[in-house]
Amino acid sequence: MSKADPDLAKIVSEIAQEMSAREDRGRVASYIPELANVDPARFGMALIDLDGHVHLGGDADVPFSIQSISKVFTLTLALGRIGDRLWQKVGREPSGNRFNSIIQLEHEMGVPRNPFINAGAIAVTDVILSGRAPRETLGEILRFMQFLADDETIFIDHEVAASEKRTGFRNAALANYMKSFGVIDNPVDNTLGVYFHHCAMAMSCRQLARAGLFLANNGRNPVSGHSVVSSERARRINALMMTCGHYDGSGEFAYRVGLPGKSGVGGGILAIAPGRASIAVWAPGLDETGNSHLGRIALEELTKRTGWSVFGH
Amino acid sequence: MSKADPDLAKIVSEIAQEMSAREDRGRVASYIPELANVDPARFGMALIDLDGHVHLGGDADVPFSIQSISKVFTLTLALGRIGDRLWQKVGREPSGNRFNSIIQLEHEMGVPRNPFINAGAIAVTDVILSGRAPRETLGEILRFMQFLADDETIFIDHEVAASEKRTGFRNAALANYMKSFGVIDNPVDNTLGVYFHHCAMAMSCRQLARAGLFLANNGRNPVSGHSVVSSERARRINALMMTCGHYDGSGEFAYRVGLPGKSGVGGGILAIAPGRASIAVWAPGLDETGNSHLGRIALEELTKRTGWSVFGH
Amino acid sequence: MSKADPDLAKIVSEIAQEMSAREDRGRVASYIPELANVDPARFGMALIDLDGHVHLGGDADVPFSIQSISKVFTLTLALGRIGDRLWQKVGREPSGNRFNSIIQLEHEMGVPRNPFINAGAIAVTDVILSGRAPRETLGEILRFMQFLADDETIFIDHEVAASEKRTGFRNAALANYMKSFGVIDNPVDNTLGVYFHHCAMAMSCRQLARAGLFLANNGRNPVSGHSVVSSERARRINALMMTCGHYDGSGEFAYRVGLPGKSGVGGGILAIAPGRASIAVWAPGLDETGNSHLGRIALEELTKRTGWSVFGH
Amino acid sequence: MSKADPDLAKIVSEIAQEMSAREDRGRVASYIPELANVDPARFGMALIDLDGHVHLGGDADVPFSIQSISKVFTLTLALGRIGDRLWQKVGREPSGNRFNSIIQLEHEMGVPRNPFINAGAIAVTDVILSGRAPRETLGEILRFMQFLADDETIFIDHEVAASEKRTGFRNAALANYMKSFGVIDNPVDNTLGVYFHHCAMAMSCRQLARAGLFLANNGRNPVSGHSVVSSERARRINALMMTCGHYDGSGEFAYRVGLPGKSGVGGGILAIAPGRASIAVWAPGLDETGNSHLGRIALEELTKRTGWSVFGH
């Protein structure tokens, strides 16, 4: 289905150069200083194929705040914890609203539409927490990420988390609102604390691509050999990334890139080419829907040159 | 990526038998007599691969009302007519609402979210009409479908169209509402007339699978050799089917089936397995989101047994 | 409760002079030429007390398009026709949305919130029509108005009605939408035809104030002696004018003026001072909520100088 | 305007008897034990005219939780504190939604529609707090109420306040949401703490009617002679009570009762007959809109028998 033998090293390198040169870079998130101060000229890209070959471009080894990309991994953990019972607390449909909209919650009795909008990710975090201490839960999430990426240097940026907490009134509104419908079990502050901290994990493109590799290979990390989830679950997580991974820009991402992907307000995107590779890009400037502007364009270029869109080459 | 050499004939035949035997059949659409009177025991399935091999199951040669599945083909025609200017009149995002919701139109200045909800499909129809006589436009749509399926027996069921018109007040509301924002150019009655009639095309699963085959093969019908659209456009239409093809059940369809698909209230679904096959199923009973209940289950079984989900095998 | 013996002639005359001199005049409605061409410098005012004394100011004898003010009188007719059964088709609560919003209809099953928003007034018109010919119904409405104002020169401006019909797609959307829920009984075109025509009645401030006088006197016209409605019904119509008479500016009108009132997009307002007088003002320029800018200010001045607010002097 | 010389003592006494005998009593609020345990058979009524005559019926001297009725008095305090600048933080229009809806806040940038829905009252409380200690502010509110009612026995029920706080996630959502738009200045917990406590004031009908008497007499308490607010402000507070005082049942209250009024979920209603009297009723059972069922009926009877509706006798 793909173009024969794409030269991945060359493609990644060229895309990184092209993206670094572009002048349309979007707008860096400005609601907390730690994100606002990131240099918009940054661009990084990492691609790891199923043989474990790594192709890097630009700032592929610079850690950035993965923010909402963590939601892919907390979803994986929550499904591991309670399986399909999770879907009593969160839906599986695109929201048709901005990432932090509260309107839908009122119409649908406090059940968020999917695990990748803020409300849904808070509900998922609450499931992982489930009565334990926030610190313990957070440790588990961090270790899971280090395990997936096989890299113990991944860390949580506590200043980012503290800033998020100071300004996170909208997320506090979402959490309290869900709590009023009984969707949140733990004390709101505990759930939000874990949420803000796992969004504040700092990772490089290389680490992120590696952490997501199991999703490109039917649930098993082909490098380490670890089986993370069943192939059915891997497919389903990919499906959710496709339909809901870019908030109210998910349709656009599917239309232009044609891969499952999850973006974060720090400018990162994790994209999965099933059966082929895991790819992470980072470009701090965002478009109007809150997704990385150049990150999306870079991935669009990638699928054009490789023929890896799941919708045809 | 797929399971080695799935025996497609056997798979289709088995699924058809299983579906025919099931007792949970959903509820047949009841708002017009022509749909309400269809036997809920019907089940048909047709799969055509890129070599042109045809595999049939159940009532695969019985014509049914394709209803909203026609929207895939009117979208194709409208893009052929005015290209990407179409996207000034209709968006590319999932709606997060029911197929006939009018709320989103008010918040977004009369521009429907995507070409597959009713409002979007009416706007697309208006583009195809563009000042010509409704009868002429309708003839063009019908001939396009006959050309794609290579079958001149495809026809429009005028009684269905007349019934839709008699009861189509909600669609009239959508059309007038868009007209008030300048999104509809033609007289509302003309646009609605064409819309109701192309939704009333009657086709069998075999015809429908064949008409959609170009989408599985990067825009070119591998049997006739006709190039219908560019490979990029084929990918993009598939992407829209994935994120928006099942109204407010699109996320669920992606999650369970993992293929681009478009459903109709007559109980049909057209699904595309890129690089492999075009599949049509028909089971008249619907689920709560207005999509074919057994049709979706049949396609879920198909991807399970073939490993054809675009999200991994 | 009022200030002792206000000199009404002087007050009306002074307010008319002050309003004519003001430079902030709002924006004249521009969606049809007949309204757009009205001179924004116009200002008229008429006050008729329960003894039948008439006080005029400015252009009090110039006919203007009463538009939505007609809704007070069609409500009166519909209540006369079917009594409290009317409230199965329309609510009695402020809408919290613009005059032509369709959102609320979707959430509340096609039942408009009150008889004074467009959807509600269309539903009320449908009740009056109830199976008869539009022309006959329209004749009845016109004669009712002539009877109330004791003036046979009141007429319907058919050019205004024709223009409204040509551009009234949003009202057509509302009517079709309600029809889809079974709230509209007659063919949509008939109901809309009557609606557009009764909104196109042309009346002067003098005529309008006289037509509304029964509402200031517990349902009986003190000049003609005719009993129009019961005192209970008069109170209730006044209550609806207070809470819903100025669309999404109703709270503001109550806050500033303190009288029941109904505005029209032609720049007119009918206000009722229960137990005292009926007042009509006309100033074509509108504020952001679609209500007459200087009309509201004139009435605010009136209640300041007379102490006639129902909320205290 | 009123019926000549209504025998108020007799009317109040008869209504209290009639209401005590009725079997349709609505449903007592059940979200906190302190309210759920109130006897639904209770009914109290107190009417104080401008001469200071007091007429009592039923349980007129039993204290109950005034809940949202406190919002009339905190509005009065906030207007005294910052005057019309208050209207930058809260609107003056009916909401068209339930008392605790959050939808409108999203569409209107965190500015609540009026001071009597929960969000608006929280914003008003925040203004009164304005940087001071919660305890101090709460003392001020309590003393203001004691001063208005000339009764130092009025108290805050701290158990009610504590229960509200334990379950008040929806109010916490509203407050955090407004905070995210900068509408709330103080720490959310402080503002909510004061809000929950002033809603937990316990008062009898007699005390409440007396506290509201200034609103019936153009801002001046006719018994004590104290001038509380200007006559213009008294009119305006009454207007807000008329259009917004009963949440999404405000139109109904105006339609049936015809007086400005404010209800509380404890079953109390304060109603103002401008120029005549202040009336408080208490019946714990609520209707679907969250307002006292028999309280509204009692006041409807009162205006029928006295002719005191502001909309005509």
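By written order: A, B, C and D. Residues from 1 in each chain.
Going forward, a residue touches a chain if its C-beta (ideal position, glycine included) is under 8 Å from a C-beta of that chain, and two chains touch if they have at least 3 such contacts.
Treat the numbers as computed from the prediction; the structure is a model and nothing was measured.
Asker: Under the document's definition of touching, what chains do chain B and chain C have as common neighbours?
Answerer: Joint contacts: the list comes back empty.
Asker: Can you name the chain that lies farthest from chain A, using the mean of each chain's Cα atoms as its centre?
Answerer: Using the mean of the C-alpha atoms as each chain's centre, the farthest one from chain A is C.
Asker: Using mean CA coordinates as chain centres, what's the gap between chain A and chain D in Å?
Answerer: Using C-alpha averages as centres, the distance is 48 Å.
Asker: Could you put a whole-Å number on the gap between the CA centroids of chain A and chain B?
Answerer: Distance between chain centres: 31 Å.
Asker: Cα centroid separation between chain B and chain D, in whole Å?
Answerer: Once rounded, the distance between the two centres reads 55 Å.
Asker: Which chain C residues touch at least two other chains?
Answerer: Touching at least two other chains: none.
Asker: Would you identify the shape of the chain contact graph, picking one of line, ring, star, complete or other?
Answerer: The chain contacts form a single closed ring, each chain touching exactly two others.
Asker: For this entry, which pairs of chains touch?
Answerer: A-B, A-D, B-C, C-D
Asker: Over in the complex, which chain A residues touch chain D? Could you list them?
Answerer: Touch list, chain A to chain D: 101-103, 105-107, 169-170, 172-177, 179-180, 188.
Asker: Please give the residue numbers of chain B that touch chain A in the complex, ascending.
Answerer: Spelled out, the residues of chain B in touch with chain A are 1, 91-97, 104, 113-114, 215-219, 231, 234-236, 238-240, 242-244, 248-252, 254-256, 258, 260, 274-275, 309-313.
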